[in-house]
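Naming follows writing order (A, B, C and D), and every chain is counted from residue 1.
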């Protein structure tokens, strides 16, 4: 059990509950608590307290991504009520702020935090609430249950960090390949051959190639992109996907998907209201944009390879929000 | 594997899928298919096909209730898109018809079926899609997974029937008590004593009492009310609840809840649009009405005893729908 | 295992309503223990009403009047120990008017034959058969719920008991 | 285990969009295999465009022109077998204008030193380093995607390739 003295300074938490063993956390005016099956979030609105409940597994999978992605680009909706919005240095935590019904009823609430403060709290929540045997990065078939009273922890699983790549994995001084990782059970049929590199003497460090599909077949996480090539601010961030994206991602810029294998279906909804916009079925070789005014959530019934393509150009959020840039990447 | 020849006459199903092993079912213009993780429902709207996806476990738990309850009173929403509405002899199956966004976009669809036809199809879907080890009536801690390719079946679990009671369980000629059932793991502390019945000679069959809490502690299902007392059309339908009500029930009449033990939180939403209305926290001894114009979904973090109180007076749906009866049971 | 929590006269924790749209009154939300704790013995306080059908919360304390109804009623003991005594009237149908609904209070024990009694503890349910007189007896305060129909003795005081 | 499904020039199954609100065009949805199957060899067809950045789909067939860019580019072979040959120019920065963006087509192999070659199969990725000339060679038709910046050889034909 986590000792209070090990809580980072900025994290406000109760003693462990006598019955469930879980701590309750305060972040600004928000309160997060969990029990055997659920996570409950409370916030003030209209002079009283409102609350919202999520299944613990869904909540932990969502919060894990928010942490691993460093709050990512734009909006990370844990579900239709709760989420974060990244302002890069500061982060909004909100309940109902991007839900048409909550907004209309005036029971929404949003509070901004310095990134280190919210990050420390989120990490402390995960450390306390993820039980032994539950891996929030894993596909359902690969992990134990998130449910029940507190039993143990799984710090190794939740402290995986996203690999930073400068140009391309395997280049000297750059991020490592994954040859030490086992091939995932759902990619046993993916060829494990490597390209032949025939460099002339003196050019051994300049020529470089690797098997991207092999690399992806050895990913031990789902829905967790990592960079494999950098062309200025253009980032290829492929990832392996199984089951469901634990968040409904609302980007503050245009994002592209290239489906490298198998199939993902995307539910697309309005970024501000959550109202449904489209369902996009992408199969191997399909490429499509996720406009800057939507949120998206993917379903992958078989583990699949998805190339997420991001644009890290500075100041994009302002340029999209001001209307300078169209939310749609191509006019035709 | 279910043989095609065993499919009831009215049920339209494909051969088992070569990869997943599951059949695809047609019901009117609806199509139901499942894969390792998801159930997909398709329907026609605006000259094209629309679809919606649910986690297989959530779908199977919802459909199980719809079958066991005989389509129940009013609306059984599997989630915010899909559901059935009971017309007692006929049943509407709908997608988006009670979802403000789908309605506004015109992509909703509703089709009415004779009750035996939709019932036969739903039962055939359950028979084919529920794998060995998965019990859609059980709490998550008590069952194996619903996921994966087809493996075996669990006919015993899905063919449990709701017990019909004429006056009170245990009376001569009435439904049985549950003394042969084990006490549920979460009710090990519930007293198992029985009332003392001191009947004078000749009145042994008229005096009757039993331990209702003991009876409930031995329920082997969750979220599945059964009748324990009948006062004309007033039916006490207690049930034991753990985890989450797999449907969002929209009643066509007023329904009451009396929380007999522990705690349930209810999400309440508008019956027609799905917009949130309230969250009601009920603890032991609390009694509250669910108005006739809402839908409700409960969360029970510990297995709890809930008395659902129904009114089986004929023609209530019309009287509420016409406005003759207020959706709120009491004015004060 | 988490303990199973029942309520009692001594200890109950009423829940709450968070309103997003609408009114708390729509839910007619009360607590049977709270109602019984504030009521005189055997006041048949209506805590649930579905058209003519009701659930009443009763504070059991001492001996109740003798009651009868023309239809089956049911009692569940929600706290304490309660004995129910039954008398079969000599003249069938003499206690409550034919086809009447709800609980009638009798003027003492009726002429008839003792049918016996049942001793109920918490969670126990007994039938109160149509046409039979019955009386509750409780040595210490307890709480009953009765499933019946709105009748001459039913007391409605929603304003006092419901969350608003 | 379900088989892993990749696409190819010979076999791809394009997905679809169900519109609830909005337009299919907003998603600029195409398929790299379909695009490559309808394109002349090594046409740099833009299939993804994020401001100036692009993903191009190329049908690999025979020898490509020699290319170079002032910045790193990357290629992933999505179908077939492709060899990439590299030449380091004698004069650094002589192949693409300084600070230019996108891929330049060279007039044949440039003066310089052979750096060697890489043989890529399906799923293999290679770097196309800044300032270096490179040429694709494919004995049989295949499909490449190139991560680069919109340049003089990029071809945009969204109307022809996207779901509408």
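Just so we're on the same page, a residue touches a chain if its C-beta (ideal position, glycine included) is under 8 Å from a C-beta of that chain, and two chains touch if they have at least 3 such contacts.
Bear in mind that the values here come from a model prediction, so they are computed numbers and not experimental data.
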Contact distance in steps, from chain A to chain D: 1
Of B-C and B-D, pair with higher C-beta contact tally: B-C
Chain B-chain D separation of Cα centroids, rounded to whole Å: 54
Chain C-chain D separation of Cα centroids, rounded to whole Å: 79
Chain A-chain B separation of Cα centroids, rounded to whole Å: 34
Distance between the centres, which are taken as Cα means, of chain C and chain B, whole angstrom: 29
Residues within chain A bordering two or more other chains: 36, 50-51, 101-102, 105, 275-276, 279, 302
Residues within chain C bordering two or more other chains: 2-3, 18, 20-21
Topology of the chain contact graph, where touching chains are joined (line, ring, star, complete, other): other
Pairs of chains found to touch, sorted by chain label: A-B, A-C, A-D, B-C, B-D
Partner chain B, residues of chain D touching it in the complex: 2-3, 18, 20-21
Interface residues, chain D side, partner chain A - complex: 1-7, 12-22, 24-34, 47-51, 53, 55, 57, 71-74, 76, 78, 84, 86, 88, 113-127, 129, 132, 143, 145, 147-149, 156, 158-159, 162
Touching residues (chain side chain A, partner chain D) in the complex: 167-168, 171, 185-191, 193-200, 203, 206-214, 228-234, 236, 253-254, 256, 258-263, 270, 275-291, 302, 309, 311, 313, 325, 327-330, 332
In the complex with chain C, residue positions of chain A that touch it: 19-20, 36, 48-51, 101-102, 105, 107, 149
For the chain B and chain A complex, residues of the former touching the latter: 35-38, 50-53, 55, 101-102, 105, 140-141, 145, 147-148, 243-244, 265, 267, 275-276, 279, 299, 301-302
